[in-house]
Amino acid sequence: RRCGFTEVVYCEGKSVGSVVEIFKSLSGHGQHCLGTRVSTEQATALTEYFPEIIYNKTARTVRLPRTNQAGTPVERVGKVSLLTAGTSDLPVAEEARETLFWMDCEVDLIVDIGVAGPHRLQEQVHRLQDSDAVIVVAGMEGALPSVVGGYVDCPVIAVPTSVGYGTSFGGVTALLGMLNSCASNVTVVNIDAGFKGGYVAGLITHRIAKARKG
Amino acid sequence: RRCGFTEVVYCEGKSVGSVVEIFKSLSGHGQHCLGTRVSTEQATALTEYFPEIIYNKTARTVRLPRTNQAGTPVERVGKVSLLTAGTSDLPVAEEARETLFWMDCEVDLIVDIGVAGPHRLQEQVHRLQDSDAVIVVAGMEGALPSVVGGYVDCPVIAVPTSVGYGTSFGGVTALLGMLNSCASNVTVVNIDAGFKGGYVAGLITHRIAKARKG
Amino acid sequence: RRCGFTEVVYCEGKSVGSVVEIFKSLSGHGQHCLGTRVSTEQATALTEYFPEIIYNKTARTVRLPRTNQAGTPVERVGKVSLLTAGTSDLPVAEEARETLFWMDCEVDLIVDIGVAGPHRLQEQVHRLQDSDAVIVVAGMEGALPSVVGGYVDCPVIAVPTSVGYGTSFGGVTALLGMLNSCASNVTVVNIDAGFKGGYVAGLITHRIAKARKG
Amino acid sequence: RRCGFTEVVYCEGKSVGSVVEIFKSLSGHGQHCLGTRVSTEQATALTEYFPEIIYNKTARTVRLPRTNQAGTPVERVGKVSLLTAGTSDLPVAEEARETLFWMDCEVDLIVDIGVAGPHRLQEQVHRLQDSDAVIVVAGMEGALPSVVGGYVDCPVIAVPTSVGYGTSFGGVTALLGMLNSCASNVTVVNIDAGFKGGYVAGLITHRIAKARKG
Amino acid sequence: RRCGFTEVVYCEGKSVGSVVEIFKSLSGHGQHCLGTRVSTEQATALTEYFPEIIYNKTARTVRLPRTNQAGTPVERVGKVSLLTAGTSDLPVAEEARETLFWMDCEVDLIVDIGVAGPHRLQEQVHRLQDSDAVIVVAGMEGALPSVVGGYVDCPVIAVPTSVGYGTSFGGVTALLGMLNSCASNVTVVNIDAGFKGGYVAGLITHRIAKARKG
Amino acid sequence: RRCGFTEVVYCEGKSVGSVVEIFKSLSGHGQHCLGTRVSTEQATALTEYFPEIIYNKTARTVRLPRTNQAGTPVERVGKVSLLTAGTSDLPVAEEARETLFWMDCEVDLIVDIGVAGPHRLQEQVHRLQDSDAVIVVAGMEGALPSVVGGYVDCPVIAVPTSVGYGTSFGGVTALLGMLNSCASNVTVVNIDAGFKGGYVAGLITHRIAKARKG
Amino acid sequence: RRCGFTEVVYCEGKSVGSVVEIFKSLSGHGQHCLGTRVSTEQATALTEYFPEIIYNKTARTVRLPRTNQAGTPVERVGKVSLLTAGTSDLPVAEEARETLFWMDCEVDLIVDIGVAGPHRLQEQVHRLQDSDAVIVVAGMEGALPSVVGGYVDCPVIAVPTSVGYGTSFGGVTALLGMLNSCASNVTVVNIDAGFKGGYVAGLITHRIAKARKG
Amino acid sequence: RRCGFTEVVYCEGKSVGSVVEIFKSLSGHGQHCLGTRVSTEQATALTEYFPEIIYNKTARTVRLPRTNQAGTPVERVGKVSLLTAGTSDLPVAEEARETLFWMDCEVDLIVDIGVAGPHRLQEQVHRLQDSDAVIVVAGMEGALPSVVGGYVDCPVIAVPTSVGYGTSFGGVTALLGMLNSCASNVTVVNIDAGFKGGYVAGLITHRIAKARKG
């Protein structure tokens, strides 16, 4: 399991039965769990037991909706911009988005604005201006975070994906590009680690939100 | 130079003359420059021209002190905890610290608390509790960020260093360890990139400080 | 086959028939064999022929129980502590445990005490104090052996596993972390080599036990 | 020396004496030689013998000027745009430029327009429109060719440089980024291979120029 | 999607339905699309809707035929020579050939003339003499572009393939061989990137053709 | 510094002054220090202050002799066999030997018995029979531990060295060979890590010695 | 197919039909073909057409028997010793053996004499003494060629295999060990390249046999 | 020193004194030693003691001339062809040549016939026809052995060199190209291993020569 945050369940390689058991136990302790890397079978079994569970097939996540004491959904705080270079990067972006929803953060998703069509990013740049953090998800040469980093003055969390072929080496090329970004505000997480990208952006957002409340 | 932030001068491979020229020009435009990877010769020449310049020999940085209109030094905001696993990681940590001072952030530096002496970190954990962000600088196996990540709930920015021998591969082993950290709140920058680690922590701190001010 | 210790059969890639033949022949010579990397089919065929055989599905091992001349099971000697960072590391740990049982060593298994939840290890540290050797099984960043190494003064045998994704590179990252451990008492074996980890720990234990007997 | 074009002398590792001998012999056969990777000592010796030789210290090249039968310098044909991401990429760009001059091609050099300052490239884009070929020289993450490729419809020859530190791996990261460019018009040469980049651009230019003449 | 040239559809990982939709939409805008990495299912569905579509099973491409206003097919321009080292390199070569046909370029394909049978290339060398560009597709040691480069004075675009076993490393060895070619006129694209090789050769051809027209 | 055993000083990169200070302080606390990776300058300065210090120039170590309360040297316990494949591996072996002397262990050093002269090892095999542990130091292909492992039934600690050229990759080839040893009793430490190899062998020896005493 | 020797057919990835066609055509020209990497389906189809064909399932080869003009089988010349470290290396050794039979060479195969059981090789050493060449096939750490090289004074052709797990990296570790062999008479071929190993040994044998005949 | 052949002294890293001692001792036992990787200082000292010694500065070798009982030089046997791709490969080729002279073999050296100038090799092919073995020394893309392999039917021993820059990776690219050669008669030795290449060719030559004598 992911260390430190017991309510997130990494479902890869766990049996259907044990995933349901973990969710029962955690929700019994009042925790609104997030599950990542969920298979179709695991999702089906969980939905049977928790009809209210939110399953995102693209993201391969499930999460129990959070409500406040009055039973109304909790409001979302802050704003995270979430960008992808191509359409194939969407599953990783969706994992980040679900993580942010589970953390009650507002998310603005912009898909398929990779660097080789430079006008596509420029048309969207205004949407990034008031973000608490920007997540950039990209495979192949992983160049988008560098360009985005030049437009904003908040942290940019770069998530390399395994999209590509030949020398993309399952995401290593994108990762290396991001680590060597000439933009100073770019930090990096593991390949395909949408959860981690979303989680760190969510932590930043909450700290700013808390400071705003005073 | 680092891209996007014209007041930071990456001095590696620049002639003494041209470094002095850049600093003259930037400070003429009212910018209080930061210089990184500064050689002894470059530092000497800059000190001659700018007697007030702050030269950190370990960090290999120079920076012009910032004053507000009344001529008094600008106050520092927020708090960044800056940890190193060993004493040899100090130069990279000092580069991060100088970057944070240049950004007017408060820094709490704790040196040589690597994982193989577990009591050393435990004795210092209380100092991390109210940090806006934590920077962890480590070479060799790069395990410290994972342990620190389990103690705090703010972003941990991991800076791998080239300290080690044999299969430390000039910092690659530490980098890989950090990217695969089982702590969800750890992001990573390039090997020996103290500047980048400090810069991202500084951005987070300023956003929280600004929110606090309302 | 494993060189030098003919009674251990590496079953990967051997036909069901030839595995049974080898076991028949070895047990005919009075050897109580250990089989590793056993498939379900191989295990079924062996169980049919040797109903008393002990099959560990998680470990993928089989072994014939050892009895002394009086027909009672041989007593276990010494104590090896066997730790895993996560639940997914269990199959490799079980291979080590079965190897130690086959060598008639006492084993104390502690699962899922990875570094990002630092209290989990601390609560168990007292159990390590009187060990002859400690085996630490970990994937991802492979940081656990370094931390454990700081708590004990016996040899720590680190077994990297292929657990992880992206830049975990099938266990290479964990292996590199362990080789670069800042703890002086850590040695390393191949990725997923539970057998080897258990075997070396067993050798150490037996030498100490023999010395105790005088 | 470079294979196939005997008038180009690769001077690295050749003695001063033998370099002078080669130039004497080639110019005696009426060839206006290009020398690359020339040391200061080699350049000094060549200048003594050939006072008209053109030595570019940054490029580390020498070349004998070409004149037509009337003794006037040969006119330059076509246009190659030559871009660098940073100032440190200049030596490699200069090697490309000298190669193009030696091939009698027109060159438009634009320095330091890396992706993290996106406005810098946009301001210069108009200068690329009528190029026969574009050469892009970049180190670190090597993202510039992808962005440039989106603006032009001629071949883009990407030259990775060894500029960077840590995981830039002496230019490998830039090379991989360029090979995985999402722009369809990008081809790649070896790290720091300014000569090759210039040479291929020159070949394209000459074929177009020849076609223009009919 | 491939950036900048919206009429090329990279079909890998897209659903049958969405591929058909993209083709309908693009052809509705008068674009004669090229589709690459097309599966059998995608090809069948497209052929149903566009009976005139040209499907190349080896190349895994589809394209809509282009006609001029009079309804007759557009004439092909220029000449690209397209060589393969072995028969197994054919699929990658076919992807390049289809790309060139889609760009209305003439192609001369010569298969299986690898370096270990030196007479095979020599017998064909006369066919390369009047090419605008030469594409060389090769796996294993990737030596053919170097030899070809010595026979022609136009750009040679080398396309490494994943053909080989053991240390061919899925095309990396061929790629490295090509990047280090001692022939000055060789540039390189990604492993198995037939589309990119064809596209760049097509761009060169069109520029020469345009210049010829004056 | 090496974690956990404060009396071992890793002198690489420390100033002469600070090394002397550390030794003064540690010996003031009654600790008989070991220093590794000691430079000639550091050794000279230490010898001036501690005339009784034992400096091993080949091993690059210094250590203060240990005496019992009566002032006589402490007796050595157990027996570690220490083998090298070649003469060039000696410095790493000497570092291991000094570590073992510092731990008061008996050492039997056998140099230059690499596998390509098979009779050399066979003639010495009898000397290994009663060892508590065997350390094998080897560069190049690192094959010696596998052969030795077949002759003994105690743990074999393999120390790869950076001896070799070309594809020896600074010791990586020897390391990989050792990790993949077909002998079950071989564990491995980092490249050139003579200290670690000696330390682990010393720990095993002491545990056996203690058990012997009862 | 393997280049240069048209009678050897590399069957991997060829259709059953085209393999049969190639064999018909070659045997029609009087060539007694060798086929390598043959699938079961290909073998079945070939056997139907050529009932006399020799199919070795382990080697994955087929070959047409060679007869002299009198119709009797051709006599075998010379002697090649063919050794494997383990049983799992047999398929690669069998490919070498079939290649040697096809070249009419005598072969002495000795299986499973890896280095960790040192007596196994010693008992067989007398069989190597009069060999023209020795082929050593080994996976894992690839140490056997070094030891064998020390016993013989003829060329040793080392064939690394992909046998192993974890850091055996599909044969790369064995390959590196063999390239760095401290025995001077060891040369190396590609991973799993039994054909190449056999072919080179066969060439040496024939040259010696020819010289013997005078 | 090289293992197994005590008369070859690997001088790298040995002191001048100890090299002279080894030569004195070996020549005292009647051995005509070969020394490789000899420094200028070592060569000078050896020449003083053995005025008849043959020092090859390019090859970095020394050897004592061999005479038969009558005091006349021993005749050379067989013929090895020794080819280099470029001039920079000469030192490695010279090491091979000196090794062959020391073994009393005839050598035909042909320099600078790399593949990019295809006519150069063709003009020399006739010189290869009657060789016992061919050695091909090449750096950069290492393509020459494949082409040579297609022209001859004796073993080709490929020696990769560290000549090149960027992605030549110190000879790794040349090595990989040679291992993946599509010519069946190519075997490979370590990078820059001129001695080994020469030694194996010499062994083959002597076996043929011996067979000729009957």
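When the chains are written out, they are named A, B, C, D, E, F, G and H in that same order, and each has its own residue count from 1.
Everything that follows uses one rule, which is that a residue touches a chain if its C-beta (ideal position, glycine included) is under 8 Å from a C-beta of that chain, and two chains touch if they have at least 3 such contacts.
Source: prediction; values computed, not measured.
Annotation of chain E and chain H: jointly contacted by D, G, touch as defined at the top. In terms of their C-alpha centroids, the spacing between chain A and chain G amounts to 53 Å.
Chain B and chain E have Cα centroids lying 48 Å from one another. Between the CA-based centres of chain E and chain G the separation comes to 37 Å, rounded to the whole angstrom. Each of the following residues of chain E touches two or more other chains: 2-4, 86, 114-117, 146, 149-150, 166-167, 172, 175, 179-180, 182-184, 190.
Every pair of chains in contact is given here: A-B, A-C, A-D, A-E, B-C, B-D, B-F, C-F, C-G, D-E, D-H, E-G, E-H, F-G, F-H, G-H. By the touch rule above, chain B contacts chain C in their complex via residues 85-86, 114-118, 140-143, 146-147, 149-151, 164, 166-169, 172-174, 176-183. Listed in rising order, the residues of chain E touching chain D in the complex are 2-5, 8, 132, 146, 149-150, 153-155, 157, 175, 179-180, 182-190, 195-196, 199-200, 203-204, 207-209, 211-212, 214. Residue ranges of chain H in contact with chain F, taken from their complex: 1, 3-4, 12-13, 160, 162, 170-172, 175, 190-193.
Chain B contributes residues 86-88, 112, 114-117, 165-168 to its touches with chain F in the complex.
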